[in-house]
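Please go over the structures that come below.
What follows is a pair of complexes built around chain A, which joins chain B in one and chain C in the other.
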Partner chain A sequence: MFEIIAQNIVSGIMVGALYGLAALGLSLVFGVLKILNVAHGELIMLGGYTTFWLFNLYGLDPFVSLLVVLPTIFVVGWLLHQGLFSRVVQLDEENRIKNSLLIGFGLTLVLQNLAIQLWTADERSVTPAYATAALELGGVRLPVIRLAGLIIAFLAVAGLELFLNRSYWGKAVRATAEDWQTAALTGINIKTTYLLTFGLGASLAGIAGTLVTVSFSISPFIGLQWTLKALIVVVLAGLGSIGGVLAAGILLGVTESLSAYYWGGEYRELVGLIIFLIVLSVRPQGLFGASE
Partner chain B sequence: MKYGGWLIAGVLLAALLVTPQLPFSNNKILTILIQLFIVAAMASSWNILAGFAGQVNLGHAAFFGLGALTTRLMWLDGYPLALSFVAGGLVAALFALAIGFPALRLRGIYFAIGTLALAEALNETVSNILPGNSALPGPQLVSYELPSRYYLALGVVLVVVAVAYWLTQARLGLGMMSVRENEAAAQAIGINAFRHKLWAFIISAFLAGITGSAFAYFHVSYYYQHTFTPLWTFDAVLVTFVGGVGTVAGPILGAIFFVVIRDVLATNLTNFHQVIFGVLFILVVLILPGGFLELWDRLRVRMTNSK
Partner chain C sequence: MLHISRIDVAYGDLQVLWDVSLEVGPKSVVAMVGPNGAGKTTTLRAVMGLLRPAQGRITFMGQDITQTPTHEIVNMGLCLVPEWRGTFSTLTVLENLELGAFPKAARAKKTESMQRVFEIFPILAERQSQRAGTLSGGQRQMLAIGRALMLQPKLLILDEPSLGLAPLIVDDIFKVIKQISTEGISILVVEQNVNMALEIAQYAYVIETGRIVQHDTGAKLLTDERVRSAYMGI
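Take a look at the complex of A and B:
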């Protein structure tokens, strides 16, 4: 009995870390650019397909493929921002959010249907030799792949924190998030900062995509469901709060996993959405966000 | 509206009314037109909340689904069609009333993602409770014919457009638009912003509900969940923006364009119409915020200027 619950909590933590990672890029972009990219899930899908094809065509290990996924999706994000979102960033706050939402929305359609054209609608996954390997810890089973995912999620958050706090460009990103006009006055190149942020957000989505491909499966249709998960996590954490994202993701993962245990798997998604709606109406600044 | 506009609308309506009686009319034409009516009604009903009152609702499919579900279940249970039809709209409107109080307190982006999540929660619930598909039983199948479906769908689109047009003339609709333009200023001149948004939400939901009812009456067999999928919302948003958001004719124009592209291209390239529409939609948002109608106006201005 105790072991089953412990197993559920541990599985929830591992899945939840992936939710957190999926939301990290979205939160970063929202916090800095004040735009909401609802095509974030499609970037996760693109990252997933990159890993899938590298594994399938060249036998590249999915975790090694991160070295390719990261720069590739960074470039995709860079181009998307240069071509589309940079035009929205100049608008006032309300129109900026609304128009970015709509553009992301059109992008969702384009990317999803292009993926169907290029790679068919089949569901795909990557199964390396160690796909079923697992560690045992006090009766709790830890699948190696999920465990690696957990570690990568923590590394990504740590890396992002380090970048934001220690590097020049990281500080530029934070300053821009705080107040872009003052940041511009101090000589920070806002355009480059925005591009960098969007590219970073995209490559974080790409990493999440790789982990989704090894832990679950991908198809051209997964975008919306991951965007929604990421949105739930971002709102739970508080829009724009990066620190709380991983914690909120893990909270969501554990809640889902426990509710699936008590009420059956079909209500897994529903519980997350209901929590989300309650938090949204009661505490719109999020669980970890500061109130205004 | 100018006389020319009324004339075009009248001729179009007369043509649509006699279409099923014409010798060249066949099931294929009627089916395409019914689908056109449903897309147009969905877009136009979405436009009432988003275009007039300025609230981007990304959960519009929920109301379509509720209307379809209510009508389908009641109708197949033996209730008269008219009653089941109205009930579909009412259930959707009641749902809007119930969720309107918490949801409309959310602003801008929060409203959009809140409604998206709400509709997804409903979508999940329906797929859990009613995973199967709904097929017409024997008697209904035997008596199935398209013209009655055609007239019902046409009736729905006429009602939706009439309501949208009325709103552009009425105090209620003008109040909605003032809330869209500047909520604080609207409040200052004595407009109850919340009540206007709630009315827009309820009207929009009722109209989406009866559109769902028309869908439920039209289809021989479909999965219950299908009417709740976010695709219905997405199509409505795209169509409205491409045609011209916040106008009466825009959603209709957009719907015609959408269905033509889908039915010309879908036969050869599955899903490719979505790519075209997605690109078009992005272009509209970026360079032509008024949609096709704005393009038309610009062309007209240019033509009169060059004379």
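Take a look at the complex of A and C:
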């Protein structure tokens, strides 16, 4: 009994870390550029397919493929921002959000169909030799792949924190998030900061995509479900706390996992949405967001 | 140094500046005074490239900056401390100052500039690890000026430095402005506190409803009938 609950909690943590990672890029872009990229899930998908391709064509280990995924999806994000989203960031806040939603939805369709052309509509997954390997810890099973995913999620959060808090450009990103006009008056090139942030957000989605591909499977249609999951986590966490995003993701993962155990799998999604609604009405700044 | 020549500026269809010209020479203190809503801040926004004039030209050190991006203008040594103070409240005092030295040229002289800023504002050295959002209004203004000094500007523009501050603090801030100007940095100060501004300015412009209506030396405007009755209640 105890072991089953422990197993559920541990599985929840591992899935939740992936939720957090999926939300990290969305939160970063939303916090800095004040735009909502609903095609974030499609960037996750592209990251996943990059790993799939590298594994299938060249036999590259999925975790090693991250070294390719990261810069590739960064460039994809860079181009998407340069070509599309940069046109809306100069607008006032309301039109910025609205127009970014339109661009995002359009992009969703384009990227989905592109993926169907390139990889067909079949579900794909990547299964390295250690796909089923697992550690046993006091009766709790820890699949190696999920465990590695958990570590990578933590590394990504730590890396992002380090970048934002220690590097010049990271501070520029934080400054721009707070007040772009003052940032420009400080001599910061706002356009470059936006490009960098969007590229970073995209590469974080790419990393999440790799993990999704090895932990679950991908198809051209997974984007929306991951965007929604990421959105729930962003609202749960609130803006301004990188670690909070991971924590909120894990919270969601554990809650889902436990409710699926107690009430059955069909309640998995529902409980997440209920928490989402409660947080939204009781604590709209999110669990870890700074109150104004 | 800074030449604003005959600019018109509009927000959408609403024109707010007509034919505004202004000049700041090297090593000088120039003031722009006028009532709320006269177009003072708008003029500065146009200078810094946050707004584009519909007509006219702005040059700095002989270079046309009418269409130059804000950060490049800043890199040229033209720096604005905005009315809204321009500090990052979620960043610490130290981080704010470090960011002030963001352009490459300023970055090389970071330590030296920071020492200078701490000499002028010792309170900032004491509070360096505190978040800027927790500072008092006066301290935040000092941080904003300190941050601007990190850029080693050639011309420093101050928008309403006295706004919302207690009279004693205002005195301190103006003392610092004087001190900075003696070090060879030109100053353009925009103020509703007309008396204070005219006292330190060698030359001053009076702006009303989007037009420059008077300009003369600070001393002359201080004794000018019209200025005294309109702005000093005398």
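Going forward, the second predicted complex is superposed on the first by the 289 of 292 C-alpha atoms of A that agree within 3 Å, B and C clash if a C-alpha of one lies under 4 Å from a C-alpha of the other, contacts with A are read in each partner's own complex, and residues count from 1 in each chain.
We adopt the following convention: a contact is a pair of C-beta atoms (placed from the backbone, for glycine too) under 8 Å apart; a residue touches a chain by one contact, two chains touch by 3 or more.
The structure displayed is predicted, hence computed values, not measured ones.
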Touch check for A:171: first (chain B), second (chain C), both, or neither? second
Answer with first, second, both or neither: which of chain B and chain C does A:190 touch in the superposed model? second
First (chain B), second (chain C), both or neither: which does A:235 touch? first
Return first, second, both or neither, reflecting whether A:36 touches chain B, chain C, both chains, or no partner chain. first
Spot which of chain B and chain C makes contact with more residues of chain A, would you? B
Touching A:113, do we find chain B (first), chain C (second), both, or neither? first
Output check: A:267 vs chain B and chain C. Expected answer is one of first, second, both, neither. What do you get? first
Identify the partner contact of A:182: answer first if only chain B is touched, second if only chain C is, both if each is, neither if none is. second
Check whether A:58 is in contact with chain B, with chain C, with both or with neither, and answer first, second, both or neither. neither
Which chain C residues qualify as touching chain A in the complex? 48-50, 69-71, 74-75, 79-80, 82, 84, 86-91, 95, 98-100, 102-103, 106-107, 147, 151
Quick check on the complex: what are the chain B residues that touch chain A? 56, 102-103, 105-106, 108-110, 112-114, 116-118, 120-121, 124-125, 128, 230, 234, 237-238, 241, 269-272, 274-275, 277-279, 281-282, 285-286
Taking the touch rule as given, give the residues of chain A at its contact with chain C in the complex, in rising order. 168, 171-172, 174-175, 178-179, 181-191, 240, 290
Footprint of chain B on chain A - complex, ascending: 36, 84, 87-88, 94, 97-99, 101-103, 105-110, 112-114, 116-117, 224, 228, 231-232, 235, 266-267, 269-270, 273-274, 276-277, 280-281, 284
